[in-house]
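The following pair of complexes shares a single chain, chain A, combined with chain B in the former and chain C in the latter.
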Partner chain A sequence: MKKETRYALLAIPLAAFGLAGTTAARADAATDEIARYREMIADGNPSELYAAQGEELWKTKRGPKNASLEQCDLGLGAGVVKGASAQLPRYFKDTGKVQDLETRLMTCMENLQGIDPKSVVAAEWLKGEREKMAALVAYVVTESNGAKINIDMKPAPMKKMYELGKMAFYYRSGPMDFSCATCHGDTGKRIRLQDLPDLRKQAGAAAGWGTWPAYRVSSGQFWTMQHRLNDCYRQQRTAEPIYGSDVTIALSVYLAATGKGGTVLTPGLKR
Partner chain B sequence: MKNISMIAALAMASSAALAGSDDLYAEFKAMIDASFKTTGIAAKHRMYQLDFQKACSGEKDPAKSVMKVIEAEQLKTIRYPADGKYFGDWKEGEKIAISGRGLTWTDPTPDNNGGGCYNCHQMSHNEISYGTIGPSLLEYGKIRGNSDEIVKYTWGKIYNAKAYNACSNMPRNGDAQILTEQQIKHLMAYLFDPASPVNKK
Partner chain C sequence: MATNPMKIRASTKDGVTEVKVLISHEMETGQRKDAAGAVIPAWFITELTAKHNDKVVLTSEFGTAVSKNPYLAFKFKGGAAGDKISVMWKDNKGETRTDEAKIA
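And now, the complex of A and B:
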């Protein structure tokens, strides 16, 4: 299944070269081809596999306390998964922090199971506890598919995180002087053939925030939002953001608040 | 020196205005400091801003007067080729324009970087995979000719785009040591050589 989809993707650029017209017209046609391809395989999103593993893991007793995550409170009450990730990040009174899905899951793992959050923070992507985290995320976000992005901006810490996230969005640094806004601060732009959502606007932020976490066809990997943001910074040529650090939470609040009211389509399916 | 501190002062004022308070800006800086770490060649000091980066980190560009000061400072960084030769091999230039590699924490060394030109610019008649963040450079030399003025301007623009537009999205390829002088010569040939697919159909 996975192999077949990879071969199908490889065929797209070749087909696009065969089309007549100007370079610009051919580029547009190639973009359309990718959109068509996405529709074609949308019915069989490989994320389902990860979500099934995640659901199993959610119910599995493990860690020093030999407990499952079934009593985890993702913001809608202990054990409520349906619709929970559409309302994250959220200010949690018990931790006194604004948390995204992944940092909240780390809190649950620590409190319920006795698993040290460091084991997630220090792991490599798609390995060890980080791999388990990705499966849990796939499960939880599948349960918010179709819901509206609806984060609670009333608590003061959320308002502050929004302001910090907005400042981070425009913060230029590193050898290439890039910020998030360099690529996502205008409407209708592309990198190579990849369309770029304008994350300053409701529609763009909803399209960006609302379709991650996602399965990436090109790498055959499921990426959480922390993974997505990490790779954005990698391409910005900054230093590496620490897993679950405040800058990642602040940016998430900025994106989710800007995209509020948009539809959550998770897990997404990406190039 | 006086100019640099003026940029810093103006940038500080605009950042504080954006944040709504000096306290929030201090908190923001502390957040950045606590949120990033050195990985591979991507050292943590990359998170600390140059004065012009700070001035260009608002929702809107700073005032024209501030931009003029930055542009004058950046113009001084441009090093023109020591041997007076501006053009290399356009075929090498094409490879550099296509490659978007380099300077991330997964790159082993800070050398041998690509120019990443196609990420943002249309360039040749053949390459359909181009971005649109920057203007099209199709038929660059054919349209503009090769007067000393346009050649020197183009070198400068590639070397340090901020000398012409303080808050340009384009990296300072020469000044920030992204590309070598020889690589810039190859890119120049790619843009100007009549045989290059940028100019020849």
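And now, the complex of A and C:
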């Protein structure tokens, strides 16, 4: 209540500077409020509920092979979860592919548990195997909270993916002729009252890449990076990519490489 | 439907114990409709009780104005490290859940 009164008082003198001033102040106020809210529930990020389910699921014997995921190699060795997602996407020799967290987990599910990756790809968001995937992701990324974004760009396929991701980032399509860069290719942009990170720059990419996957308070849903990227395409009103397809991994490589050195603050908390 | 566990954290300082609870619940208001236009039935927590060992320290009534996956924090006088904190909720479908934690 106190806070609201303060903003009401602020708005009066600012109105004299015209519309631009007022909107900017409102944008700042909204950003401050979101930051304040985040701080308030930092102890109660509902992602923890999903992470707890994911940890349980990680240890649960499932699938035709009746095995758990405890021997899953996320790039740091079999069964190592701590810090693993901060170093993804990564080029994996065993599959010969660059994989992000979700596609790597699908590989583990297939190899260890005998669960067909198609069951994840074909599922709907937040339902069936994708819901389980989201819980697993919540668990894994929680174990990288505080780590540095550090992906290994040395293998040639990573460089190729980076170039593909960069191309996808600037590629315009759909009825609006939008690309990722339309909204995320400039500093100081915003949609309504929300600041948009400039994903071409290290700071912006680190802020964007480093705070997803996240719990969205407005929808009460936990979103993986695959979900986040898919929704960017939906918002562009263009074709939505297939779950775990090369373009989603390429964009992830581009974002993670650009934001390299930034701090991973996952699972994030979004408006 | 199976319920998911709550996350409970409690710590004590200068004779006051702070309890933080994260609750997993849909908290559906009954005001929303699904894609087919059918009303999504109301499903929300109606009561929540917290105990320190066997003594009730908080009783509350919840309603549809409370968000999905609610977060609750409260303080009470007393409590020592190792004491048991238990939180119980009951929803409008008659389902209940109790989870426990120790004061850190």
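The working rule: the second predicted complex is superposed on the first by the 245 of 271 C-alpha atoms of A that agree within 3 Å, B and C clash if a C-alpha of one lies under 4 Å from a C-alpha of the other, contacts with A are read in each partner's own complex, and residues count from 1 in each chain.
In the analysis below, contacts are C-beta pairs under 8 Å (C-beta built on N, C-alpha and C of every residue); 3 or more make two chains touch, one makes a residue touch a chain.
The structure presented is a predicted model; accordingly, all values stated were derived computationally and were not measured.
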{"item": "Fit-or-clash call for chain B and chain C when the two complexes are aligned on chain A", "value": "fit"}
{"item": "Partner chain(s) touched by A:A168 [first = chain B, second = chain C, both, neither]", "value": "first"}
{"item": "When both partners are placed on the shared chain, which of chain B and chain C touches more of chain A", "value": "B"}
{"item": "Partner chain in contact with A:G220 - chain B first, chain C second, else both or neither", "value": "second"}
{"item": "Partner chain(s) touched by A:E48 [first = chain B, second = chain C, both, neither]", "value": "second"}
{"item": "First (chain B), second (chain C), both or neither touched by A:C183", "value": "first"}
{"item": "Which superposed partner A:T238 touches (first chain B, second chain C, both, neither)", "value": "first"}
{"item": "Closest approach of chain C to chain B (Cα atoms, Å)", "value": "10"}
{"item": "Contacting residues of chain A [partner chain C, same complex]", "value": "41, 43-46, 48-49, 52-53, 217, 220"}
{"item": "Residue numbers on chain C that touch chain A, as the complex places them", "value": "4-5, 7, 9, 20, 22, 24, 67-69, 71, 73"}
{"item": "Parts of chain A lying in touch with chain B, wherever the complex brings them together", "value": "13, 16-17, 23-24, 26-27, 30, 160, 163-164, 166-168, 170-179, 182-183, 186, 188-194, 196, 234-235, 237-242, 245-248, 250"}
{"item": "Touching residues on chain B, where the partner in the complex is chain A", "value": "15, 18-20, 24-25, 27-28, 31-32, 34-39, 42-50, 53-54, 56-59, 103-106, 118-120, 122, 124-133, 138, 162, 169, 171-172, 176-178"}
